[in-house]
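The same chain A turns up in both complexes below, where it pairs with chain B and then with chain C.
Right, the complex of A and B next:
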């Protein structure tokens, strides 16, 4: 009898403590944002899919088609090709295809690049129902858009 | 005596039925299937059926270069990715004789301990959710989000960090991270006290956990269970203490041990570990030296032929990497010793004769991560 009463009392105390904490939380500021109306800022080092870095002067890609990234990639998702144009010292890139369906965003390609021609995009809205959306042509992407 | 099975089935008839718990059951946290043979509400046999998300991580390691395996390490146990990467890079560093700068080691400890807290917070929320309490999950995830933001600002990812490299780290931490971590430490202390009031002292939780699911130290040894499971059984076994690595010997912290060996003991071990992790964080930040974050490493790491082993204390227990090299640029053999697998192994014996809801409490207290079991 005594034990039952004790349990009843401690149960009541537990209940009150819970209520007090929950009630206090009720008046606190929201921790969520109303995505997609508001969105959080991506940190500087956020790893999205890779994009080309533009040369500040010519506006072209810095890539020299050395294929280091192709070799470093653990998932074999990069295919690079380039040609050596006349009058230029280095090779320039003609094809750079990223198969994003296989990419695990490890960043090995960015790290291994000898001329720092790759960077991460901050784009994370990448949901789609079509597979070809994820075959990203980096050369075309750079030529088409401002970035 | 708690270790006695108090509610063993005594009926002699064979009127049992088979109940499939999982592979898509909310209480199993992933795709673990447990085939339960039930006698009414009592379990007579529980047979775990793992393997639904087996991804051949070990085999993958054997057909790619040493560095190419790094992203895999974050995906074995996605909740304690830092520890797993640490074990792998440290194994390769030990094999190739690479020196790691002191600053890098301290940052490894800081990020690992942040990761441990975030992992325990997920377990805390999910465990209470298993027992029927929804609110603590939301509080715990709110706190965890702060850790993820911190780690994201440094590593660029929220879960699959892939932050450590052979010989150091891929990028340095900035002062924002340090102040952010300091603020977080001060933020979490009252939150942990709040959890104590709200959850640990709650009578419902006590009734669900105290004396439930005894796992003796002997059983832990039999199945190789480590981490909070064995520490809840009264054995102070923590890789950070028994096989010190990194800069842990220079830091002052305690290994929480409880002797009750029940679900409550394992719960309390993890709750105390969060406090200890905060202590480690405070000291590591105070001691953080200036200097380089990368040691001298060749462009492609060469591991001399031989057999190497390295263990770390992950959130769920001892995680070890064994690498066998034949001197080539890809590993000959890569063995991953995952703590969740051993911790699951004892479930069959430990859950015998338990009631179903108690067995779920037991399973929750083991803190299973299914990708870690399957690998």
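Right, the complex of A and C next:
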């Protein structure tokens, strides 16, 4: 009898403890990110598809069309072309096509780039119903994008 | 039968008053059944630190209306092998106790549809229709899950009706009346006069309330006692075959029954419309107490996981019934001595 009543009392106290915990949660700030209205900032090391790094002064690409990335790419998804313009010391890029359907985001291109002209984008909305969306022209993308 | 509770609308002619109170009770039950769903979803979200419904209207306030429109646009399909009459009757019946019982609940000294001398008895008489309706709905739909659920509902409610009524008998011995209006009037003048704190009549009065509240949760099939709708084992229990608004009515009836249960608890234990400080009594106090109790019901649901069925029955037969019998005996002794 005494044991049963003791169990009953301790059980009841444990129920109250549970209720106290949930009530405390009730008054805390909610942790949800209301996704379409707001989104979390992607972490620094997130790997989206590669994009050009913009030169801080000229606003142009740093790429010298050395084709190191083209050679380094294990999936052969990069095609680079460039010309030497009058009065410039380095070659500059004219074509940089990335076939993202084959890219495995290994990062060899970013690593190998001698002038650090490539970086990973933070773009994660990459689903599409059309395949040609994944043929990304990095030169055009940079020209169209915000200055 | 007296018309004491009618005096707010005393200058109005009788049929008109009746109609107004009928409309009032139906509106109150309907609005509560719809908006307690919203409160429940918001409450659940807060307990889990989510925002809950936010998109439909400000703070998701139009969500119940959107849900109702969605449910009403669905076909109310009656399974071909079911008992057609009972299948359609069950959702109608399940809503009736909420509407019937609130007719006797005194919201304040002057607001209340009917002041019956047998108010308390009436609430329990009609309250059990809820269980019968769910049972009939489950049985009529001719579905294995629904029938298992119906069987559970019956055994659960047989088990929990007993301690609940024993508690009510205890209350009757102290109050000496089944008139809910009189019961509230007896608790006038400060919170120490409320029945839950009448420890000179029965030192175990708070325990009596806990038994009443636990039984109320079990009778309304609320978590952690929602064995009838145990979706992880019985799909949706007795409501499995119901589609569209048929299901919606069962869903709303759950909240209507919580409303009745919490109103009754307010009247029996928390002094109804009486103010806790003894002055400024009124309908506001009734609503504050009512919604605090409803909040507790939601709070309990989002705190405890569902029990197992045998534990549910053990709790009633091995703990609640002996204790409620004990409090009954104790009240007898206390009343005889003092």
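Note that the second predicted complex is superposed on the first by the 108 of 147 C-alpha atoms of A that agree within 3 Å, B and C clash if a C-alpha of one lies under 4 Å from a C-alpha of the other, contacts with A are read in each partner's own complex, and residues count from 1 in each chain.
In the analysis below, a contact is a pair of C-beta atoms (placed from the backbone, for glycine too) under 8 Å apart; a residue touches a chain by one contact, two chains touch by 3 or more.
Source: prediction; values computed, not measured.
Asker: Quick one: is A:30 in contact with chain B, with chain C, with both, or with neither? Answer first, second, both or neither.
Answerer: Second partner only.
Asker: On the A-aligned overlay, A:22 touches which partner chain: chain B = first, chain C = second, or both, or neither?
Answerer: In the superposed model, A:22 contacts both chain B and chain C.
Asker: In the overlay, answer first, second, both or neither for which of chain B and chain C A:106 touches.
Answerer: The answer is first: A:106 touches chain B but not chain C.
Asker: Applying the document's definition of touch, where does A:46 land relative to chain B and chain C: first, second, both, or neither?
Answerer: The answer is first: A:46 touches chain B but not chain C.
Asker: With both complexes superposed on chain A, which partner does A:56 reach: first (chain B), second (chain C), both or neither?
Answerer: neither
Asker: What's your read, chain B or chain C touching more residues of chain A?
Answerer: Counted on chain A, the partner with more touching residues turns out to be B.
Asker: After superposition on the shared chain, which partner residues are touched by A:1: those of chain B (first), chain C (second), both, or neither?
Answerer: After superposition on chain A, A:1 lies in contact with neither partner.
Asker: Same chain A residues contacting chain B and chain C, which ones?
Answerer: Chain A residues touching both partners: 18, 21-22, 25, 31.
Asker: Within their complex, state which residues of chain A touch chain B.
Answerer: Chain A residues touching chain B: 7, 10-11, 14, 17-18, 21-22, 25, 31, 43-47, 72-74, 104-108, 111, 120.
Asker: Along chain A, where are the residues that touch chain C in the complex?
Answerer: Touch residues, chain A against chain C: 8, 15, 18-19, 21-23, 25-26, 28-32, 34.
Asker: Any idea which chain B residues touch chain A in the complex?
Answerer: 64, 67-72, 75, 135, 139, 142, 145, 149, 152-157, 160, 162, 170-171, 194, 197-198, 201-204
Asker: Chain A touches which residues of chain C in the complex?
Answerer: By the definition above, chain C touches chain A via 43, 45-51, 54, 299-300, 302-304, 319.
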